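Each chain carries a letter (A, B, C and D) given by its place in the written order, and its residues are counted from 1.
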Amino acid sequence: MNRIKVGILGATGMVGQRFIQLLEGHPWFEVTEVAASERSANRTYAEVMQGRWKVEGDIPPRVAQLTVKECTPELDCRLCFSALDSSVAGPLEETFAQAGYVVSSNSRNHRMDPDVPLLIPEVNADHLAIIPQQKSRWGSNGYIITNPNCAAIGLVMALAPLHKRFDVDKIIVTTLQGLSGAGYPGVPSLDVIDNVVPFIGGEEPKVESEPLKILGSLNGGQFVFADFQISASCTRVHVLDGHLESVNIGLKQKASAADLIDTWQEFDPLNNQELPSAPSPPLIYRREDDRPQPRRDRNEGNGMACVVGRLRKCSILDYKFFVLSHNTIRGAAGGAILNAEYLFKKDLL
Amino acid sequence: MNRIKVGILGATGMVGQRFIQLLEGHPWFEVTEVAASERSANRTYAEVMQGRWKVEGDIPPRVAQLTVKECTPELDCRLCFSALDSSVAGPLEETFAQAGYVVSSNSRNHRMDPDVPLLIPEVNADHLAIIPQQKSRWGSNGYIITNPNCAAIGLVMALAPLHKRFDVDKIIVTTLQGLSGAGYPGVPSLDVIDNVVPFIGGEEPKVESEPLKILGSLNGGQFVFADFQISASCTRVHVLDGHLESVNIGLKQKASAADLIDTWQEFDPLNNQELPSAPSPPLIYRREDDRPQPRRDRNEGNGMACVVGRLRKCSILDYKFFVLSHNTIRGAAGGAILNAEYLFKKDLL
Amino acid sequence: MNRIKVGILGATGMVGQRFIQLLEGHPWFEVTEVAASERSANRTYAEVMQGRWKVEGDIPPRVAQLTVKECTPELDCRLCFSALDSSVAGPLEETFAQAGYVVSSNSRNHRMDPDVPLLIPEVNADHLAIIPQQKSRWGSNGYIITNPNCAAIGLVMALAPLHKRFDVDKIIVTTLQGLSGAGYPGVPSLDVIDNVVPFIGGEEPKVESEPLKILGSLNGGQFVFADFQISASCTRVHVLDGHLESVNIGLKQKASAADLIDTWQEFDPLNNQELPSAPSPPLIYRREDDRPQPRRDRNEGNGMACVVGRLRKCSILDYKFFVLSHNTIRGAAGGAILNAEYLFKKDLL
Amino acid sequence: MNRIKVGILGATGMVGQRFIQLLEGHPWFEVTEVAASERSANRTYAEVMQGRWKVEGDIPPRVAQLTVKECTPELDCRLCFSALDSSVAGPLEETFAQAGYVVSSNSRNHRMDPDVPLLIPEVNADHLAIIPQQKSRWGSNGYIITNPNCAAIGLVMALAPLHKRFDVDKIIVTTLQGLSGAGYPGVPSLDVIDNVVPFIGGEEPKVESEPLKILGSLNGGQFVFADFQISASCTRVHVLDGHLESVNIGLKQKASAADLIDTWQEFDPLNNQELPSAPSPPLIYRREDDRPQPRRDRNEGNGMACVVGRLRKCSILDYKFFVLSHNTIRGAAGGAILNAEYLFKKDLL
């Protein structure tokens, strides 16, 4: 089989590097284009990345020798993964969609657009039905799909099966987020050693809104948001990768703790779809007292599974638990790749 | 003035060391006795502590040459500070009370006893009226007072003035606790580097119950607990000292955010009592986006003040905020010393 | 092919766990026995390890259900890997050798014995010629081989090819060692956060002596130690895995910097032996200014390769450089496994 | 007494902040001017520093309301402390000296100038005799003095008394340096968590050269450098403040270990000069196995003393030991303040 040509927009940043790392050896996709700002263009990726490649391992040799191009819609590929900074992603992604590319974006800019799916294949694959509407906006065969914020993804994954069966009523969540979420150079070491920073700019509104779109429905060509409230408090802790979240949940339907755990453990909607990046199962419940832990659990399912633990009664809402997800894999590049795999499987590429 | 002789029960552990450090140069109290297990007895404190003194600075020379005694009620002092391990504190503290000593304890064992004050001088000094009842239980002039758990103290300090004025209805709290709370050797480095442990044995029940006794009233010789619920989730993070807490609060009375901040800033019930360890004010509200932070704020008021920040609306309960307290100063030795200072001021020693 | 049955002595500690993890799926060896202290015996490994399994991933299911046995020479296997604590390894390993087992040990007890090879297959495979002498001591077909201390291995690997070609004259080394070298619970978090401990008990003598045996020769049935001196200073730093070493080296023969780098890069004595754990090449020289770094380079060659960098002139001796090795893989379990693979290849099992 | 007016050049960076913090309440000096780049000028220091004040405690209120000026020689003060970035310090400090100011600089630019003292008052106060020569260069009553690099200072302090008595022959040193030495934002957290960076740009040459000027003599109006070699390897470790150094030393005169320790402990050349920032003694030798440690020892003498430990025989040179100094106090702002105190005491201001 010929692999599909893909380009990486914003290929030099941390998320761009993760895309390249995760796509190395991918059975369906082949990175043929790396695009970045004008400043980096016209040199090989290896040259541009000297001293800047920060993910584990070395640059895959085939990508290393690609010439970096500017982010203009003249790339030789059908699919673009966007790791663009949110300061430029908005119009650039639109330009690519108009020019007929499929853009699987990790940037926040278009997530809440009324005709852009904010996609988690395990959760709201039916939202892809909006795509024709978007295509007609662009007047092309291109479109944009997005994956959720890195702190929203773990929460939504844990909530999705519960919401379907027991109807979520209220969520209070405090996040303990890893540092890689801030990119590179990101958080200065002087700010997080022997410390916690109880604030991440712009994060709480995303955690409070994105899950409601994802868990909502597509009705008559419109997204109807899920009908419950989330209250989030976001902190940055001394952890490299992995967002841990302390969740209190109220449900509209009665459910026992065993019901909730069963629901999580039975959740595996993609289990016979054979998507290369889909973890099976996508949710793992650990029964130890002291799990999930970022360093020990973040790589479950190659960083694509979410790990839940410590479910117990809450005296204010109904239950409380912890959930962990890998913020730069499931919560960024890996999520966008899984989305594209799903599109391919459903003949939407 | 002659200083009051005090003994330290459990003088060799981390909290015992903090007592000795904080009492050095104290204007009212003088450490004349250091007591520990049989294993340590009959050598000088300096000898016993070789390689075990872990708080900053050196052992105060006068204490270094004291002979360590066993924890039997034959110490030459009026007041004992107890830093005993909870596995032995229960009966040992009782023995001292029966023998006529005043015991200001940091151990959890007697905190919830029906005639033992769980004291924060700024909050529930009136609970000391129970002491005569306790004395008659022991048939002596001795008694026990306790200070709260290190994760409960910051929460109660932040809640106390709000509860008085606006009546707390519901609390959901997630703690991010420093490592010194686990003593020494305590948490292995392999467990917390690049990691968070979302569990601290026995901690959540204490955070959920102790504040209700402290914020309750003493009625007809009985403690009546405050009438609201707390739901706590406790985590251990990569921080040396300082417990940061993410709090969601529901109130029975209406209050604006400005009301809450004013209430915190006006709170200073001990401000003209001239207690050596009392911070003034005991609560500090910081208006920056990203405070309080453990390393940057834990030493406010010499570690005796609590720092509050990021008050904002909560879509589920009424408000949310962060509070920070120094767990081994205000949350342990410093709290017990302040309690004893208050007893002295009120002629209860 | 039938895999060779192997047992793990000291299977519950950190190094024991690494043996089990690294041997999972091994093409030649199959863990059939797990042995530990009397306290752990007669329960399944899974039961014994509840809350104690600390390496990444879960216990391999087949090992999980093995019954833990005591460390007596009644194990059903030909080969034992010893991860025994040095307080008991001495006589226990001898008992196994006498009973006819081959013991590949990570413990320090027999490393300097006059008839025990201190083996690195890339460096001193010829030392195995001592084995018949050892067998006759035990009066059995069993024997002990050992791998070097985790801080010695990186140094010896870097020195071996240089010594062969240019004759090492003098070595001064300062180590910056990872925490896993101290086992679990090991170093308390309160000792290493925002800190360095400039001392590791017993480490400097090992780093100063073991390389001289390894780089020495076997002459007339006796080990003749290499004829140069090493002066070591060992520190513990805030790193999970990986020992970084700052090395100053004097050589007896003249050599240019390019000579040294070429010598390192050409070093690959096992390259056509097809040993499953042998990295190829075993030494990697990185030309960046700021490498090797523990987190970024420790997993080279699956943790079996050593990474060298920053070679430059020294104004006191001849050159200086940094070398890094993974202390619990190449420096412990992985090293012992590679040793056993070499024995197997040479028909010594 | 009227305090001397002092200005801070580069008042907004990390070292500038330290100057302001350490000078608060100084008995002789009063900060009357804060100067920075054009960008910051004409606003109050409090405004400029919003979100940028990173040292402990709050901005001293009197300084907070000062108007930030540009770094032009129109400041109302006799003495300037320079915390200027090395990209601009060179010509700016000259301009101030020409205009008649005394500049006590922490910047590297003029340290090696042939008529600029690189001063440690305990070590080479006699180098101040060069000042008239410098004044005649500027044609004014102004001049520049400098304090050494933060990694050089601890080494020189430990070497100074040894060199005087036993004549240093050779030094090999590996540094483990704290993060605050890189300023703010400085080292990204992703680079140092679970990691060490074995490189600090430009540091090794400074550590190898500055001590030779300081330990040299002033002969016939010229600095004659000390006649020995230093070979340095510099690393950045996960420590907030404090540079730990592993030193191997060769001496020209014979000396026992006891001689060395006595020499260190007797070293206190400023002990009756009553300089406010001078630690007494400036060198502390700790006899424990595992000291000095950055977090536990860096604040000795309010961060102005250096701590030495683990002296032992070296098989290559003569001895080896560790030394620790606080890099932003003794190694930066505190050092420059002590230098100015010495000038004042000697009527050179």
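To be clear about the criterion, a contact is a pair of C-beta atoms (placed from the backbone, for glycine too) under 8 Å apart; a residue touches a chain by one contact, two chains touch by 3 or more.
Fair warning: this is a prediction, and the values are worked out from it, not measured in the lab.
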Comparison of B-D and C-D by number of C-beta pairs in contact, larger one: C-D
Per Cα centroids, the chain farthest from chain C: B
Repeated interface matching A-B, over half of the contact pairs identical, chosen among C-D, A-C or B-C: C-D
Whole-Å separation of chain centres (CA-atom averages), chain B against chain D: 40
Mean-CA-position distance for chain D and chain A (Å): 48
Separation of mean Cα positions, chain D and chain C [Å, integer]: 42
Multi-chain contact sites of chain B, meaning residues that touch two or more partners: 193-194, 238, 240, 296
Residue ranges of chain A touching chain B (in the complex, touch as defined): 170-172, 174, 176, 193-199, 201, 208, 229-231, 233, 235, 237-240, 244, 246, 248, 289-296, 309-310, 314-317, 320, 322
In the complex with chain B, residue positions of chain C that touch it: 54, 179-180, 184-194, 238, 240
In the complex with chain A, residue positions of chain C that touch it: 51, 56, 193-194, 288, 296, 299
